[in-house]
Amino acid sequence: MFGLGTHWEFIAGAYAVSGAVLIALVAWVLSDLHVQRRILRDMDARGIRRRSDGGSA
Amino acid sequence: MTAVGALFVRELRLATRAGGGALMGALFFLIVVTVVPFGVGPEAKLLARIGPAILWIGALLATLLSLDRLFQADRDDGTLDLILAGETPLEFVVLVKCAAHWVATGLPLVLVSPLLAVLLGMEPVAIGATMLTLALGTPGLTFIGAIGAALTVTLRRGGLLLAVLVLPLTVPILIFGVSAASAVVMPPTPFLAPLLILGALALFAIVIGSAATAAALRFSTD
Amino acid sequence: MTAVGALFVRELRLATRAGGGALMGALFFLIVVTVVPFGVGPEAKLLARIGPAILWIGALLATLLSLDRLFQADRDDGTLDLILAGETPLEFVVLVKCAAHWVATGLPLVLVSPLLAVLLGMEPVAIGATMLTLALGTPGLTFIGAIGAALTVTLRRGGLLLAVLVLPLTVPILIFGVSAASAVVMPPTPFLAPLLILGALALFAIVIGSAATAAALRFSTD
Amino acid sequence: MPLIDLANPTRFLSLVDRALPWLAGLAGLVLAIGLYLSIAVAPDDYQQGATVKIMFIHVPSAWLSMLCYMLMAVSALGTLVWRHPLADVSAKAAAPIGAAFTFMCLATGSLWGKPMWGTWWQWDARLTSVLVLFIMYLGLIALWRTIEDPARAGRAVAILTLVGVVNIPIIKFSVDWWSTLHQPAAVIRLDGPTIHPSMLWPLLITALGFTLVFFALHLGAMRNEVLRRRVRTMRLLEAADGAE
Amino acid sequence: MRLIGGDLTCERGGRRVFSGVGFAVPAGRALVVTGPNGAGKSSLLRLIAGLVTPVAGTLALEGADGDLSVGQQCHYFGHLDALKPALTVQENLGFWRDFFEAPAGSTTDALQAVGLERLAAMPAAYLSAGQRRRLSFARLLVSYRPVWLLDEPTSALDAASQDRLVAIVAAHLAEGGIVVAATHAPLDFGEPLRLDLSPSARVAA
Amino acid sequence: MRLIGGDLTCERGGRRVFSGVGFAVPAGRALVVTGPNGAGKSSLLRLIAGLVTPVAGTLALEGADGDLSVGQQCHYFGHLDALKPALTVQENLGFWRDFFEAPAGSTTDALQAVGLERLAAMPAAYLSAGQRRRLSFARLLVSYRPVWLLDEPTSALDAASQDRLVAIVAAHLAEGGIVVAATHAPLDFGEPLRLDLSPSARVAA
């Protein structure tokens, strides 16, 4: 009942939304990684080092 | 007096003394329900039609929002530490506290519901049905809400977060409560079935609620 | 930085840091609106019809209930004592705190409202109108709610009592907000008039609100 | 038993550093193939026309939204029962991703619904339960955000997750009852056409691609979370040293 | 009866507070825990009370009935007075008497002992810092538990009340009770055992 | 500059706490308020700070600029530390510096003075009891106000921190400041004026 290409905007929209969400997720993970690593580097520079994992003093 | 007895009496005292919110829930219920027509508009038919829904949603919010200090007050002043170190099993403590809270907050709510139903122009039979379903359902809501109260016990801003956490879990009770209440006015739909399911859900909520709440409280200490 | 500037920044920081309830209001709004159809039933026409009312009442509750810690937190940790002993007029303090609170809580609420409107199946024009009225009305609600927050600051259980005290005062804003929002879909009824009145009411609320709140806070000490 | 080896965060980190690039690459590849097949190769549906192409992202995202919650439930057990140190890290990392995929399902679904039913949204049982699931995700995230101490937050969220798991079937059941009770206006055939093999394969491959992407993201988020906790621990150490 | 801790390790908020702490307190003796701010005094008391779970180490109360946990045999007297402002002094105390098993003296005697008998009918909201502290201490007298855990018990107390408290503690010890107290101020509990949590001392040990 | 109170009467919760209390503290001197629990020490400080209104009596700060109330010239250091756990040490202190007029020293100097400089970037939530109290005291150093009202300032502080605090107070007095301190513990603020609120003493006076 639909010819080819009808509603293409909805299809494009759906794919666009999904792509945006996926890209956002990837960006979130990468940027977060970047931030955490930078903080750790700064701390290392300030001479604070982990004495062992799990934060034992 | 036994430990649980003493706890029950104390909870009721606290609820009824100055600063305790015994009738607060009922009052909130009353005001929310009276405010709705200002938004929806005054058409009598429409209001009567969605009456049970308004009452149930109002009761749902009033119950959940009145729970935020259920355990938090005890934690802030150190009472919770001592209760945990007591001989009474925590599940009983939760059970008693919730029961007392329902008596002080849920029951008044059930009792004023007919008044509001009249305001909304509902038919007598619908009014009775709504009141019945509320009496059956609100205990369940209290115990589900208790889980949220225990999870947010360490947090200052209990209120909203609590509602946000447990509202999805209360959907079944809401659905069957409303459908039982409104079944009586639209003949074909069954009345007894949803009512029984509502009762079952409430019982289930009480069991799960006490267990989960006790667990959450145990983990909250430190 | 000036005193008020420092206060504004601090309030925003507190709202957005862990433990702060920046988006909690919007979340509560989302959930309440989602729960309503379970009570009212899924009929698209009915929901679209009462859509503006649902959104407005939801926004009203979310705003008021998110206010309970506005001054309570500052009182519990002694900040309020110091603010009272500061050189900044208390009215400014209230104004700044409420403004920051609206930015952190009211604004997100306005921004999500279109999504919820879509869920309720409202028409695009109605959606726009509702969003506009909310943007105009919620600041007023915040300042009226602030009065309640200040009154309940000495009582522990702010949440419900606040709503109970303040809800009646918010009825005018609710009425004109909803009628302006729903006017656009039922042509004969005027749209601009209620909108202008709404704006006037909001302004009025801001003025009265800051003054009354400041007064209430002054009395709250001891 | 690998889970035991993973108990040590440092070993976990090194493993992720090694494995993640490959996993990510593979995920990208499979997803690309799947999308190519579903967009270019797969035929249009005889009655839904080209819009059926939405199915190839809609259904996988729907499946993943449920898979992710199940994964969180298992993690919750890991936190409360087995006390595995990485369990709540996994749960916390999964929540936002799950919410994202649920949102994807909702968005693509309603973008499909507009041409199919002429409306963006229907209060139909299945759609509504997805919406409720989405809200439960948001609630869990909110709880994570508000409790500062990660250990305490982990236990609280674990309890809520398990309570949620117990409730999900009940919610599904009651929502079904609710929508059948009211017989929604538009008759929806969500299950759509019985899927023809020429569509099934692209769908399955895309779904596999989505799943791989999900696990890649999850691992990455877990690594970030471990690092974040390391930062916090070191801050606390700093505070302790500052005390002397 | 002996309260025994074998190298206990405590973590709070993901941070190691102390490790390798051990002690053995026989009946009738007091253990005084000292150390600078943040050394972990309060944490140790909460750990004994069962409110903080140790990461490692053993804790036992020898010669007590086995089916009760150590925490259930301890009275924990911390910074927080578990008082409800809305209830009267009498009601506050009475509740704890009923809630705990093994009630000991009557509430009136207890109030007398801490010198609050005249305020029995007053809402707890009206009490001053020290009065609140005394009322919350009276809780230890209305129900018997062998072990008392006192966290800076004399803080906010005036001289007279401090003497009263010391006398009460001495009586409890004389009855063969056990007391563990964390404090900055010097307290004379007979000749108590001492545990120094300051890091330097722990390195030495 | 002199802080003068002329027979002040204070009621709280409808009950008379004290009456006929008077004092005059010249610049550079400290007034140490003593008395048993419930005598009204905290009430007196809150009264001077303008947080409790006296039923009768006069209160004035002679020789200060007139358009500020007495309370606005006082730093009130009570039991509650006005700290937000979510903010860092630096942010907490910085806010008060900006909020009060007449900023004095920088936040870094103040943190140094109380020995918290290394924790500047730390969320206040991570601090221990003593550290919190010190941070809250640092507030008095970032903005100048002539009168300091200290309610049991040394509570929860270990020996080292107590010495630091006494030194800071001495410096403030040397600059011609005024200090009113309520305490049970002996504090050596030079040779302070003394005000005994214990009922017996007030009858004698």
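Order as written gives the chain letters A, B, C, D, E and F; numbering starts at 1 within each chain.
Just so we're on the same page, a contact is a pair of C-beta atoms (placed from the backbone, for glycine too) under 8 Å apart; a residue touches a chain by one contact, two chains touch by 3 or more.
None of these values were measured; they are calculated from a predicted model.
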item: Winner on C-beta contact pairs when C-D is weighed against B-D; value: B-D
item: Chain whose average C-alpha position is farthest from subunit D's own; value: F
item: Subunit A-subunit B separation of Cα centroids, rounded to whole Å; value: 40
item: Rounded Å distance, subunit A centre to subunit D centre (Cα mean); value: 14
item: Chain centre separation (subunit B, subunit C; CA means) in Å; value: 25
item: Inter-centroid spacing, subunit E versus subunit B (mean Cα positions, whole Å); value: 38
item: In subunit A, residues with contacts to at least two other chains; value: 54-55, 57
item: Residue list for subunit C, restricted to those that touch at least two other chains; value: 18-21, 24, 27, 31, 38, 41, 76
item: Multi-chain contact sites of subunit F, meaning residues that touch two or more partners; value: 12, 79, 85-86, 126, 128, 130-131
item: Residues of subunit D touching subunit B in the complex; value: 80, 132, 135-136, 138-139, 142-143, 146-147, 149, 152, 155-156, 159-160, 162-164, 166-167, 170-171, 173-175, 177-178, 181
item: Interface residues, subunit B side, partner subunit E - complex; value: 1-3, 5-7, 10, 13-14, 17-20, 74, 76-79, 81-88, 221-222
item: Complex interface listing, subunit F residues touching subunit C; value: 12, 46, 49-52, 68, 71-72, 74, 76, 78-87, 91, 94-96, 98-101, 139
item: Residues of subunit D that touch subunit F when the two form their complex; value: 148, 235-236, 238-239, 241-243
item: Residues of subunit D touching subunit A in the complex; value: 8-10, 44, 47-51, 53-54, 57-58, 61, 85, 96-97, 100-101, 103-104, 107-108, 111-112, 114-115, 213, 217, 220-221, 223-224, 227-228, 230-234, 236-238, 240-241
